[in-house]
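When the chains are written out, they are named A, B, C and D in that same order, and each has its own residue count from 1.
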Amino acid sequence: MLLEELRKSVLEANLELVRRGLVLYTFGNASGVDREQGLVVIKPSGVDYDELRPEHMVVTDLEGKIVEGKLRPSSDLDTHTLLYREFADIGAVVHTHSEYATSFAQAGMAIPALGTTHADYFYGPVPVTEELTDEAIGGRYVHETGLAIVNRFKGIDPLAVPACLVAGHAPFVWGRTPHDAAHNAVVLEAVARMAYRTLTLEAQCKGVSQALLDRHYFRKHGASATYGQSC
Amino acid sequence: MLLEELRKSVLEANLELVRRGLVLYTFGNASGVDREQGLVVIKPSGVDYDELRPEHMVVTDLEGKIVEGKLRPSSDLDTHTLLYREFADIGAVVHTHSEYATSFAQAGMAIPALGTTHADYFYGPVPVTEELTDEAIGGRYVHETGLAIVNRFKGIDPLAVPACLVAGHAPFVWGRTPHDAAHNAVVLEAVARMAYRTLTLEAQCKGVSQALLDRHYFRKHGASATYGQSC
Amino acid sequence: MLLEELRKSVLEANLELVRRGLVLYTFGNASGVDREQGLVVIKPSGVDYDELRPEHMVVTDLEGKIVEGKLRPSSDLDTHTLLYREFADIGAVVHTHSEYATSFAQAGMAIPALGTTHADYFYGPVPVTEELTDEAIGGRYVHETGLAIVNRFKGIDPLAVPACLVAGHAPFVWGRTPHDAAHNAVVLEAVARMAYRTLTLEAQCKGVSQALLDRHYFRKHGASATYGQSC
Amino acid sequence: MLLEELRKSVLEANLELVRRGLVLYTFGNASGVDREQGLVVIKPSGVDYDELRPEHMVVTDLEGKIVEGKLRPSSDLDTHTLLYREFADIGAVVHTHSEYATSFAQAGMAIPALGTTHADYFYGPVPVTEELTDEAIGGRYVHETGLAIVNRFKGIDPLAVPACLVAGHAPFVWGRTPHDAAHNAVVLEAVARMAYRTLTLEAQCKGVSQALLDRHYFRKHGASATYGQSC
């Protein structure tokens, strides 16, 4: 993907978050990575969405050093770049304070796999990080937020579970492309809404079986996928 | 109904689901059956709703063999066709992941008949299937989903209770026509929203009496219906 | 108010219910009364709201006998006319299945006066009727629904508490004019939403004091009202 | 700020409350203060929002005496003016019955700081006042409402926690400008929605650490702020 295309798709992912009601004012950001060039394209900080143009996107290297752009990048940049360095197969990261996913993050609860909507996108619970220590919060906080995610994902394939809740904060979501990451963020919020209602109806709900999780996840992912028109 | 008319009404039912907010992205499908010709018309899989045209609808026989159409049919086709074979009086099937009905399905709870809105459309609780066994999930899963519904409806008239929740999954809804099936799906979601709130206010709510269920259901259905302008 | 004006204001009240999201499909109706002529103007049954015109309104006498109009009146007519006969000061009645008020009705719970929004409109809890007996349901059901409201209001001034929940069914709301009745129905639903959330946060919430109830209610009503531009 | 500008920004703040869904009918009001001239600009009482023009705004002195304007000022004027007299650094006050914040007020519960969205705007719980005594309610009620807020804020910096819930009533919110006060009211409602869901999922949720509260609050406020494009 050319950098110009990446700028457009990152902008489009940011706008999709707004259209789908995941973002209040400027509380959200999306980025994408060009692996070949080692460049990250990210939304600028605190700019109104309806004024955003592709040329406002900020370009940095994988360490977060600004390469191009006059605006300050999203204040969450260091989380994005750490995820790109640690999760080699992801191509885009989205951060929102979408309300139901954030409510689980605030409660310090993972979103359990309670149904097939979840299983179609997330191969297991959407995990929640440990709380950050006072030292981490007082230090390189944004970087430490990324570290908490990476630590939580030891033993989990980031593309099989493309989202994590940061305890007391909100979700980070990713995917192969900016389009996919935004799509996953929208589905995460729908899954969180349904999990909230399911658990407030039946707190002991134990969720889907491993067999159902496998069936739905592999229906949409991997070599034997049978959903859609693409295969 | 001519096949051409059926295509249009199946498309229209699919669009009604979107307009009423029952469908996120492509998570839903509607079909209709022409009993005389033994043909089923169903939405193609994974196509954006705003691009759908009558000619995109896929036509199959009652065993799900494609008769006409270049696109792959909805991945839930085998559930639809089984319901047509087993429930002789239904003319259309709708499947959505509408969020409140799905939350009950995830909780493994039937939607009890708690009020007259419910009773106007569903003559008794909207039941939930047994959980599918690992063998059923690992086998002809979509067909087995339909079997779980059919098994749950032993002793229930499918036109008196035109919906079923599949445990851990979501609702299937039906009716005499695509219009009716979509309408029933919209009402089911409203009924589920109200049941959720009623039960979270008063978990012991016992619901309407048999007399009230009879009165409301037969007000809109059967020979002595008194609602609307049609009789 | 001339009958022609009343037709228009009854239609307008019906449309306000739709605009404010209180009505799904055709689940609602509003009427108004001309006390001098002894005539009731009511929405016809089961007609789409976007096709409704003033001339579609049905005119009956206070016993529900049709005086003018080609369409069948709302199936709830007998509740409306009974309320007009029994509550001498009301000028309009609205019935909806607005979802939060209906959830309280389904739970068999009155809506307690938990805050000043409630107190501004309803001088005390919005009561819920007794459940109708099987005999009442099997008899003149719609008339009996009105009787249950009237019985519940013994000792309550209908203009001080202009709404009642019918157990297992939904709210009936009234006012001096069709505009006021629709407005009260919209506020009732907002009050019900807030009461639902208050009670699910704090089930033991005891509600406002009599002093606060008095202060807010009489701020908007009666001789010493201080709200708005009209005095 | 010239008085003419203040009228426009007060009107704009009132309209922002409507656009963001915080206001039903006329249940809300915003005001601003010109500290140099000692003048308050406030919405008139009970006027439809879509008819409001800058010239309809009412101008009073800091004691609430009308200086300019033909319309009666908002009935909550005495609360606004008291807050201006007691909280020397605030420039605007907003009052709404936004539904989730009001639900906390009705429950008599502060909104605890459960996450970073809260911490970005409110440096600690959003407090709830004591219930007003019958004497206060029966006396200068609107003034007493302001006093209850002022008493509750002993030891709290009003600009660090720019909102208070009045028990059994609803929130009052403030800021340096009408724009900021309206923005804070919108965020308060989002924070209340998420707190409601968090607490109904996990009633024992203890909220963010002091370190996280500090980090987020000072990220957006004070000399070392790093958010947005302005520094």
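By our rule, contacts are C-beta pairs under 8 Å (C-beta built on N, C-alpha and C of every residue); 3 or more make two chains touch, one makes a residue touch a chain.
Predicted, not measured: the structure shown is a model, and the values here were computed from it.
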C-alpha-based rotation, subunit B on subunit D, 0 to 180 degrees, nearest 5: 180
Most distant chain from subunit A, judged by the mean position of its C-alpha atoms: C
Homomeric contact subunit A-subunit B: same or different residue positions, threshold half: different
Whole-Å separation of chain centres (CA-atom averages), subunit A against subunit C: 47
Mean-CA-position distance for subunit D and subunit A (Å): 33
Residues of subunit D engaged with two or more neighbouring chains: 200
Subunit A residues touching subunit D - in the complex, by the definition given at the top: 24-25, 27, 44-47, 71-72, 75, 97, 99-100, 102-109, 131-132, 134, 137-138, 141, 168-170, 196, 199-200
Of subunit A, residues touching subunit B in the complex: 114-117, 183, 186-187, 190, 193-195, 197-198, 200-202, 205, 207-209, 211-212, 214-215, 219, 226-230
